[in-house]
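Sharing a structure, written as structure tokens. Questions coming.
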Amino acid sequence: MAFPKSDSAAILARIREALRLSAPAPSVEAAPDAQSRRRWLPKVGPDYSEQIETFSAQASVLKAEFLRFPSFSAAREELASWARHEKWDRIATHAHPLTDGLLEGVEIPRFQVASGYDKLELEKCPVGLTACEALVAQTGSVLVSAVSSGGRALSILPPHHIVVATRDQLVPDLTAAFARVRATYGARLPGFLSFITGPSRTGDIERILVLGAHGPKRLSIFLIE
Amino acid sequence: MSASTLFQHDAKAAAANLPRRSFVRTALAGYMVKRKAAQDYFQDWQSARQAASEIKYEGVNHLDRYLEEFTRNAEARGTKVFWASNSEQARAYILELCRQKGVQSIVKSKTMTSEEIHLNEALEKEGYRVVESDLGEFIMQLRHETPYHFVLPCMHLQRDEISATFEKTLKSAPTRDPEELTAIARRFMRQEFCRADLGISGANFLVAETGMISITENEGNARLTTALPKIHVALVGIEKVLPKLEDLALFLPMLSATGTAQTLTGYNSLYGGPGQLGETDGPEEFHVILLDNHRTRLLADPEQRDALHCIRCGACLNVCPIFKNVGGHTYGTTYQGPIGSVITPHLRGLQDWKHLSGASSLCGACTETCPVKIDLHHHLLQNRRNAVAARPVWWEKLLFRGFSFVMRSPALYRLAGRLAPLGFALRRPVRNTPLDPLRPWTATREFPAPPPRTFQEIWKERARTQPTP
Amino acid sequence: MKVSLFIPCFVDQLFPQAAVSMVEVLERLGHQVDYPQGQTCCGQPPFNSGYWDEARAVAERTLRVFRDAEVVVGGSGSCATMFKVFYPELFHHTPLEAEAKALAAKTYEFSEFLVHKLGVTDVGARFEGKVTFHDGCHGLRELKLKQEPRQLLRNVRGLELIEMGEAETCCGFGGAFAVKFPAISTAMDEVKCNSIAETGADYVVSNDSSCLMQITGYLQRHQRPVKGLHLAEILASR
């Protein structure tokens, strides 16, 4: 048995044949300016304080927890208190200056996600801590990637996802988020990127909002300012 | 029974099911309220639509170039790209992959293209275990039913029905609590994600510039489907192309607004290859199957080519009065609603599926709501014209020839008007029987009583008694 | 201004009062109304069913009838749409294309004519009653008319205008659709009539007689007290 041959030649031939006839270009009803599409997308303020307000408001609507800390030590205290209160037996995380920084001196056993880790062990962890690429003000989103956030599974498998970010990571909108990723990685983009907008949710049962469908039920964003 | 006869039968049954209709209409009324808010969040929604239609126009009208660019960039990152002309080729590829890799358990995230090619049946026939991970799809799979709506697969079900399904198939305890019902599915699915050898997904967009696919979801099941198993296969229609990565900055918010009335959907993820060097996890293999399956036929119709701009948001279904009253299953095919009625004749045969284009009052609500400005309701009209041009219905042709003949002669028209009372008299003995030509109307509605004089008669009378100055 | 009226076949045969009212309103506003001889039908029935050759044959005749008209007012939203939107398409790439475009440019729907061409929103009408307005789909989505009928109705003395929730939802007529798919058509009719009932209005008004035929057909079968009237009939009331 062998794989069927990829039929690209036949498909491209059909496409080229079809495109010999031209279709009418979209009729102009609203006369859009050729400028940036930002003019049509939701408005975002120009400076940090306005953007952080927008992010905070979005996060609240999404039922994501957004906490601002003046320092790492303040954040560490909060995390340690959560660990005690929630009785976490361990915290899954990856090696990164921000995650290492947040966990420094905090007494919780860690499950370190590194190459070749055991997925079934990760599945048992009650909480996962990751860094991120950016926080997006316009939508209240967290942009994670396989490079910055410990791979693909860490930010989706444990039922509680905590993100640690710093103020320079706040960007106004999706366009800025893409620009930041390109600036960081150049031609070699990560193999996985994801805009996380609130905890996992479903409305499939009578349109009633339920959090924690398959992904995390709880999303907490720690911003170290 | 032909698809057309089945449609009439199912439509009648659905129209008579008042509780179901009421439930679906209430759900969609809720969507409309939230949709308006999501749209108002945009500074200029109409300009956004225009920009979106222009980007899609560019992509579809240079489809060969962008598919080649996508393939090049994807393969450079280790992705295997397979071009499938039809369902058979796509299924054969996946089956061969399963065979060669010793796959046993398969988990799927939502992909309508897999419905289109009847993938699940083919896999199950070969003994593979296939589980749908999207909650709505999962419920429908357990019920052995097809999705009711291609974005909201079980929107027509009430919680009791869902609980009954779980009780029967998963042996769970009965509950009316949506949180508990979701938890039942979550617990079950977690094991499936962890044990699956293969994850099959679809994609909302193919980003040509970076060789990545983009998947939009709320639950996180697509992320899990594509993160944990060793092999990830994405089945994607060729028309899903977007030229540039930054195009997503427009399309992701628009898809969210029209699809689920959200600012942004829960997870919008980009996949650029298998697990890359230096990344801690990710599949060992990533395959993208580009599916034609008669999309090139639609491409070859310049009048209706823009139907390929569709981003499968489902908004046209949500505003369609036909969909609201007959429901998704009545359409009897993978894609329901206005877009389904437009494209199914192209994908599955004009003569067999023209009735979907006929089952519309052409109200235009679909065209008005479409985020990429597809001229949906006019395409339904064009399908009707094309069907008639290829194969007119003999008695209809006769009827309209007769109509045209009468209407081209004012004298004949007046005569026909004067003969109408005679027609009514002749009708009396067969009134409300299958022989009554007015029966399709009078079975449920009163027909207006003819007035004493027509307007032409009134005007003539007036002209006689009040000569013009 | 000499206003040429196009009165569609079914208005002529079944709802002549709507046409009579249009004439009355226009004459009261001081215009000469012409009803060109020999008009019959715009061709929409064969057109909507896909029989464009037959539709074109009827439309050709209608083009000729209105060739010399200065301005044309269509007696229903759907017929005005036929002239304005579909005739140019029907005659595309034929010798009559220019003429079809000319007719499209000088055709108005009734409320559109009053408000936009004549600049009139108050015709001096009086009508006591609670009224709700149904937006015919052609007028609403093809001709983009929404405020025009409402502006006119709001200036009618004694009239109370109440909006229904499903004002913009199709009533289910759709031409042949109403008899080809009667179960669906009636379901849509039911939704519309229930929405009308919720307003407590005594009258449902529309600028399309075919919609009114569909709506009143259901209302009468179910013995609902609500009456249907064409917009022109309200505007002609004193």
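By written order: A, B and C. Residues from 1 in each chain.
FYI, a residue touches a chain if its C-beta (ideal position, glycine included) is under 8 Å from a C-beta of that chain, and two chains touch if they have at least 3 such contacts.
Worth saying up front: this structure is predicted, and the values here are computed from it rather than measured.
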| item | value |
| --- | --- |
| Chain closest to the middle, measuring from C-alpha centroids that were averaged per chain | B |
| Chain pair, most C-beta pairs within the contact cut-off | A-B |
| Intercentroid distance (Cα basis), chain B paired with chain A, Å | 29 |
| Whole-Å gap between the CA centroids of chain B and chain C | 32 |
| Distance between chain centroids, defined by C-alpha means - chain A, chain C (Å) | 53 |
| Chain B partner contacts - residues on chain A that touch it in the complex | 1-4, 6-8, 10-12, 14-19, 21-30, 32-33, 37, 39-43, 58, 61, 94, 113-115, 117, 119-120, 123, 139-141, 146-147, 150-154, 156-157, 173-175, 177-178, 182, 189-208, 210, 212-216 |
| Residue ranges of chain B in contact with chain C within the complex | 8, 11-12, 15-16, 21, 25, 321-322, 324-326, 358-365, 367-368, 381, 383-389, 392, 396-397, 400-401, 403-404, 406-408, 410, 413, 417, 420, 440-441, 443-448, 450-451, 453-456, 458-459 |
| Parts of chain C lying in touch with chain B, wherever the complex brings them together | 7, 9, 11-17, 19-20, 35, 37-41, 43, 45-46, 48-52, 54-55, 57-58, 61, 137, 140-142, 168-170, 172-175, 177-189, 191, 213-214, 216-218, 220-221 |
| Residues of chain B defined as touching chain A within the complex | 27, 30-31, 41-51, 53-54, 57, 61-64, 67-68, 71, 77, 81-85, 89, 92-93, 96-97, 99-100, 133, 135-136, 139, 152-155, 158-159, 162, 178-179, 181-183, 185-186, 189-190, 193-194, 210, 212, 218-221, 223-224, 226-228, 238, 245-246, 248-250, 252-253, 260, 262-276, 278-282, 290, 292, 296, 299-300, 302-303, 305-306, 373 |
